[in-house]
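Quick one: the structure is below, questions incoming.
Naming follows writing order (A, B and C), and every chain is counted from residue 1.
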Amino acid sequence: MGKSRQSAGNSLFLRNAWYAGGFAEELDTQPMFSRKILGESVLFYRDRNGTPAAIGNLCPHRFAPLDRGTVVDGQVRCGYHGLGFDRTGKCVHNPHGKTAGLAVAAYPLAVRHGILWLWMGDAGKVDYDLLPRFPSLEEDRFHVRRGYLHGEANYQLMSDNILDLSHIEFLHPALGTDAVSRAKVETTHDERTVTTTRRMLDEVLPPTLAKVYKSGEERVNRTMEVVWSAPSNMLLAITVEPVDEAQNWTTGAQSLHLFTPETDTSAHYFYLASLDREVQDAHTADAFAAALKRAFIEEDKAMIDAQAKAIGHAEIMDLKPALLPIDKAAVLARRKLQKLIADEVAGVAANSSQSVSTMAEGTV
Amino acid sequence: MGKSRQSAGNSLFLRNAWYAGGFAEELDTQPMFSRKILGESVLFYRDRNGTPAAIGNLCPHRFAPLDRGTVVDGQVRCGYHGLGFDRTGKCVHNPHGKTAGLAVAAYPLAVRHGILWLWMGDAGKVDYDLLPRFPSLEEDRFHVRRGYLHGEANYQLMSDNILDLSHIEFLHPALGTDAVSRAKVETTHDERTVTTTRRMLDEVLPPTLAKVYKSGEERVNRTMEVVWSAPSNMLLAITVEPVDEAQNWTTGAQSLHLFTPETDTSAHYFYLASLDREVQDAHTADAFAAALKRAFIEEDKAMIDAQAKAIGHAEIMDLKPALLPIDKAAVLARRKLQKLIADEVAGVAANSSQSVSTMAEGTV
Amino acid sequence: MGKSRQSAGNSLFLRNAWYAGGFAEELDTQPMFSRKILGESVLFYRDRNGTPAAIGNLCPHRFAPLDRGTVVDGQVRCGYHGLGFDRTGKCVHNPHGKTAGLAVAAYPLAVRHGILWLWMGDAGKVDYDLLPRFPSLEEDRFHVRRGYLHGEANYQLMSDNILDLSHIEFLHPALGTDAVSRAKVETTHDERTVTTTRRMLDEVLPPTLAKVYKSGEERVNRTMEVVWSAPSNMLLAITVEPVDEAQNWTTGAQSLHLFTPETDTSAHYFYLASLDREVQDAHTADAFAAALKRAFIEEDKAMIDAQAKAIGHAEIMDLKPALLPIDKAAVLARRKLQKLIADEVAGVAANSSQSVSTMAEGTV
């Protein structure tokens, strides 16, 4: 139970990878919390030094959830019979006998950009070079806003959504124009990433966006670059420039979309939005984050949850969906993830050589 | 998905048959709606001519439910990526490429008596002669009232209920007397129908019914004729006459009970009540419909849902229920439906020759 | 259905045993009620003499729940088609034909201590010597308080909880002190019982308990004796005495914990609390029962339901929990029950010879 590293359900997950497990600030108002990650119940708390730690949430004695206990002297104490565990997962306190041989899982954890990153695989293979870094989340330069959604869908359906932004025009009428489907899209990729860039030319932005990007009623070119990194972390960088080259200004925004499997059919969605402090003020950042939240909850989540309900427990690709050119980036990402998982299962070491290629759209 | 014609769950359903899918008036206040029929999600909408149409509700691209989209120029447009479909199910609009090869299922649909009738089987075998016609639903001659219930039970349990009206005395005390169980019952049948007639002699009707049938405190004979048609459409015609032959009057009422499988363990219940405009006024029709609705919801549905919950996913006949003479019509109907389904699965063409026979009660 | 004696789900239950099915007083305010016991829906009602009876709750005709019907002349009448059954389960009334061959299950039922005890096994093997008797529930000598909880857990997880009272210190801070884990525990057992005695020496009771046991701020020795009887009935007797031998007083309390499987993953928890009328007044009995209720609902049930949710449908012992010395009594009880069930399945008669042994703690 507590020490099992097998995934729940039928899906295989990539294990030797970093997943967003929460925000560090979640431990500011509570001594601990648990969240199911890749089918495992994980407990987050701060150790004696105040450093976040993650261990298995089920006591090995009776499988009582440790999150019903207390944190005492940097140990997690089970609320049922009092066993205590430290950040290595070892039992260090047993009011009823020996501690030897008693342990829960310990998850390598790193904090970056205020995110609690979990390594869900072999602790001997922890690779800090794979730990995501997003320069646009450095808070001295950017206004950063954070949010969380629970999705009733497989995490890959949520990645697919961001990897094909053609949906903006239809699902988010307040955030898109017909320039979206007229856009030119380019997709590049290497072993663990897919980058897809959509250039929307000569549009007047809808009011909400015009305020964020300070474009007024000016005709602009808008570029949206999405970088997917395995397993399911995505950075969306938006750049807005006037069509009139005589003018000389650029604005933009970044958003980070981190999808962490909870089970085969549900996922955690951590998102962050950032605006450049030199260009936009805090009030604009708040408005941008609020617009994203509304779109995510009322439009993306509503649609993806409904899609997932229709699909049920099946794997979407097994149902032979009609593939369109717009699916290229999502299909590439799914294939890469599938290969990484297959290699991991087969014991093949991850290969850091990166072969970048550019493919024309329409040849998925 | 969208084009699959297999039923969900373990049950086999009769496919080459007309099922009530909704009321035409449901499209008066909304441009479209979806309903699960025989395990398939079906979308109802009006085409450019205002004619109701039914197509598969899941977009073949990403299986997004089309009912989250819009109707534009008689096409259904997916709310996720904008694909458009016409009433034949063909994709006729794709902002992202070709439409060739993209389609959802199309269901033959006919409107009669304000009911949206769906042919759930082979489109090449659509048989309009099988389309139910009920003269007592012609609105120029009858007051017609419509209603809908959702049943948490297999549709055959709901048919069984109507096919054995001996339950009125026990389940609907306001609508029955002990003349119900003293009644003489005759049952006849042919290939696709079962007719069971219950003659209840010499009773004084309870107040609610006495008003509907204008019988006051008079002793009357009441006849209830139920005609079941495969798969699960039932007409109940009630006639009331005075016992005293010196008097010369007849009143009555009709109700139609259409049970459409949603899944193996749930069903749609569309019902219609009609009273003769020459005999009863609109107010009496409202009172009759209200009494039916109360009995259906508080008594029939409550009992059948509880029965279905007790039975679970099992087929009731597999549990070897004790068969009583009162079950004769229900058992006949189940056997006929079973044979029609078996023939359909075996590819045997439906045979329109009708062999009518009359069996004595008690020889189920 | 109605007559099946097989258990639902995967678990085997001990059938030739008495289970608490309800309180006799539940039939004071209603003519009948049903409860699922060992996966079977059981109907409780009073016969013509006012004597409680228990029969299968599903009518053999259509499996309609009889609890939706009425009690007429000591018969249960089905609310669907009017069949009537007496306390032997035989159909004694059929408005539609013969009664021969129609029956539901009948459960041997005995009332003792206001509890409706059900024999869930072979009626030919009813053993009244096994019917539990608890002298501390005799109402002329004791204040008796009753309560009921529904547990979303396997009944054995609930027995385990009482069989290891070391949890009091951690789960019930208002009812324990560190004397709990310092306590000396002895466990004895015979074929159908396990007795575990915990002596907590030299503690000052927390305020709530000090009031119940009238110990004030006195240092006391507290003894808790738990007697488990197969399958899952437990008596907890508490004795409190002053450490100062010069004083000469004793107080105490008893509580009865009866766990009856509903399904594999849920159980009924009937509990009774009793205080000696000569020592404590009715007000103290009310306060004691209220404290128990609060602890049971907010602490025990919350923890055990969470534990059961973590375990899911698995058998806890199959998950290889870490066994501690404190688990000794619970493990013994589980083994005895497992052996009794295996013997029953194998057709071995229960053996009334009793071999009592005392084992040192720590040798589970």
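Rule of thumb we're sticking to: a contact is a pair of C-beta atoms (placed from the backbone, for glycine too) under 8 Å apart; a residue touches a chain by one contact, two chains touch by 3 or more.
Source: prediction; values computed, not measured.
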item: Chain contact topology (line, ring, star, complete or other); value: complete
item: Angular offset of chain B relative to chain C [C-alpha, multiple of 5 degrees]; value: 120
item: Rounded Å distance, chain A centre to chain B centre (Cα mean); value: 48
item: Touching two or more other chains - residue numbers and ranges from chain B; value: none
item: Residues of chain B defined as touching chain A within the complex; value: 1, 41, 58, 60-65, 68-69, 77-82, 94-97, 101-102
item: Contact footprint of chain A on chain C as seen in their complex; value: 160, 164, 166-167, 169-171, 181, 302-303, 306-307, 310-311, 316, 319, 321-322, 324-327, 362
